[in-house]
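Heads up, the next two complexes both have subunit A, just with different partners, subunit B and then subunit C.
Showing the complex of A and B:
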């Protein structure tokens, strides 16, 4: 469902990634990032492709697939694309929509400046990535 | 009454109905007729031109037409130098824009652009039923019914090219004191005034540039800082033509940029006080102004399409669409013109396509109509066969010259199917995201792309049967001629390795 700007700001304020930002800061984030809609079955990130972006899921769900095999699902509040951008490498997975998806998008070249502008987001992202790493290690052991 | 009776497209049943007489509607109708698809075109306006009958207010368009390109004007490659003419298959109907310009600028004035569109309609003999506003929509079995004051139009496919044209104003308290961009008056009426413009995108900067010599002071406010196209390496951001207010702000010349959200607007006698909250510090700042102008954008005037299941998203209420600009949630409903910007495509390095402008939307419209003709009416493209020895040169020539690929970087691609029995067939221009993601027959597509350093280069996508495509970037060239020996060798190698005998 479509939401107006205030509803979008309300939604973003409720996401863990932006939970430590003030409302004016969240409003600025909502203006800096571009809202996109993708139908079911669309690839948002493509394994091995250059020039990827950073995405935050506002509504919907995606599958994470490596070489065609699904390894995880992501939903509202989850984000993806940052690993590839920060490492300067193409993504090692496809991100494919499993139902109609609404995301906020930030171009890859803008991510580093964005994180410097909003250190609380950087810290939240770091924690989320640490949890992913811990879970991956648990899975291996 | 006789005049009314002579108007084209009376209410009734049509295979396709196109709504709108701006560039999107005109281009869609032209290619529907070219492919022999019967259709009606209706428009609420009295004349062709769409948004260019009113906007932009000041100065000129943001899209160039360079009269003296390196190729003849009737050559399709000339369209890269002419972003404003409609596409045509007949050489005499191409590149109408340059002949209508007065020679003072490579950016046409609004009246010149309006004349360009009207001339195209006249010369190509396109029919449009004017003064016929689409007022509502319903379903009749598998058909759509478009309601107008003249009567109902029934169709299997509806194409809406109604622009992103409905003024949007936030519901922040006091915004009713603000006038919208669309209500801008003659420049001299702002003489000596303190202006507060909400919005730091091109419409806000268009007004600031046009009113620079008239206003006493101009404040531009929005939560995010202004982004300039010359820094973004794309058309995303404030165009170079509107950079003068940026320089005045830097020099302290009476222009101010405020990165802040608007909390409320109060009337203070004959003036207004705008209460803002700064985005970085969350502190409040109040600014007094004689006039508040909301350059806060537009939404899609989709009337009641949401009730038919068309899902919309974002501030502009754009419809959620497939790669072929069909509603993702209401099949059979398509969109042309600026609405096409709702299909984000690959968006490599964050660069959007130019679907919101004529130079991008005209190609989207052609590709969309070809898709409609094939999927709904069984009218397939005439696909020419390509000799294997000429494929490398053809691909690199496309990347070097094709305006579709240059105007819609990382978005539209020239595609060929590669088949051991059929050989190499030209599939024309396709949405790049569709090509790389559909697990179709073996094929190759070439696109032009820009990376984060601003480097422009070709990108080749090779798809083996039933598998997603693989990306290969070719190298750039100082004069943008990608037909280099290195690129030929590289391309030959990857084609040889990936094709099933269609290329030797």
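Showing the complex of A and C:
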């Protein structure tokens, strides 16, 4: 079911990625990004193929699969697609919905400008990346 | 080899050195000057520890001259870094303890940027944040273990 704009802004304000934005900024983000709904079993990103976007999960869940094996699940507030955009490489995993999914979508070429426009979102993403790298158990201090 | 040089780097020299690094490519002139002003030159003798595993990060280090070993535990050498490489950025970003030690492999000169100075710059200059994100993303993917795109 589609949310009205007010509900969407309320929901976005509660996500970690947008937590440091003012209400007018969150409203602008909601306006800038496109809300999409995907049914269960839909493949949103495809391993090895171009055609990308940046997605923030508003509601629902996706499975991350590499060569057909599930390696993680992502839910509300998680985001995906940014790595292949920033690297300029195809996605290296499939992203498949495990139930009805509502996401905010931003076209790949718009991501860098978007992050520059919203430094607090960039910092949140930076911290998320640092955590991901740590979880990958590398040596970086 | 600059080690032991009697004359410390000038702010202009620091700015020039830092601006050659991909990490600081495309940042504003103001940011670069600020960075050069706050970056402290430090020298380490062979075998000296620059950062120790378990400590909370106090800064980012850029190797100006020399090389370092990245070690975990007592023996395990994870990597060797040289001139132009940097380390210590993860602890600055997430304020978690360092997960490896870094030891000078030879007489080594570094530029150190304190956490609070780097964080202040990250908030002011999106180009720097973006460079850092790209650096992290590249490394996450290089691990071959990353869980997302």
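Here, the second predicted complex is superposed on the first by the 136 of 141 C-alpha atoms of A that agree within 3 Å, B and C clash if a C-alpha of one lies under 4 Å from a C-alpha of the other, contacts with A are read in each partner's own complex, and residues count from 1 in each chain.
Assume a residue touches a chain if its C-beta (ideal position, glycine included) is under 8 Å from a C-beta of that chain, and two chains touch if they have at least 3 such contacts.
These figures come from a predicted structure and were not determined experimentally.
> Quick one: on subunit A, after the overlay, do subunit B and subunit C clash, or do they fit? Just give me the call.
Aligned on subunit A, subunit C fits beside subunit B.
> Would you sort A:16 into first (subunit B), second (subunit C), both or neither based on which partner it touches?
Touch partners of A:16: none, neither subunit B nor subunit C.
> Between subunit B (first) and subunit C (second), which does A:110 come into contact with in this model arrangement: first, second, both, or neither?
After superposing on A, A:110 lies in contact with subunit B but is clear of subunit C.
> Could you look at A:64 and tell me whether it touches subunit B, subunit C, both or neither (first, second, both, neither)?
Only subunit C is touched by A:64; subunit B is not.
> With the C-alpha centre of subunit A at the apex, what angle separates the C-alpha centres of subunit B and subunit C, reported to the nearest 10°?
140
> With both complexes superposed on chain A, which partner does A:25 reach: first (subunit B), second (subunit C), both or neither?
first
> Just checking: does A:5 make contact with subunit B only, subunit C only, both, or neither of them? Give me first, second, both or neither.
So A:5 only meets subunit B here.
> Should A:87 be classified as contacting the first partner (subunit B), the second (subunit C), both, or neither?
Only subunit C; A:87 stays clear of subunit B.
> Across all Cα pairs of subunit B and subunit C, what is the smallest distance in the superposition, given in whole Å?
Comparing every C-alpha of subunit B with every C-alpha of subunit C, the smallest gap is 15 Å.
> Jot down the residues of subunit A that show up as touching in both complexes, subunit B in one and subunit C in the other.
The answer is residues 52 of subunit A.
> How about subunit A: which of its residues touch subunit B in the complex?
Touching subunit B from subunit A are residues 1-2, 4-6, 22-25, 27-28, 30-32, 34-40, 42-43, 46-53, 94, 100, 102, 105-110.
> Along subunit B, where are the residues that touch subunit A in the complex?
Listed in rising order, the residues are 170-171, 222-224, 259-261, 277-280, 282, 306, 311-315, 317-318, 320-322, 328-329, 342, 344, 346-352, 410, 433, 436-437, 449, 451-452, 468, 470-471, 473.
> Going by the contact rule at the top, pick out the subunit C residues touching subunit A in the complex.
51, 53, 57, 70, 72, 78-79, 87-91, 93-94, 96, 98-102, 122-123, 126-127, 129-130, 132-134, 136-141, 143, 145-149
> Where on subunit A is subunit C touching in the complex?
So the residues of subunit A in touch with subunit C come to 45, 52, 64, 71-72, 74, 78, 80-84, 86-87, 89, 91-93, 95, 112, 115-116, 119, 122-123, 125-127, 129-141.
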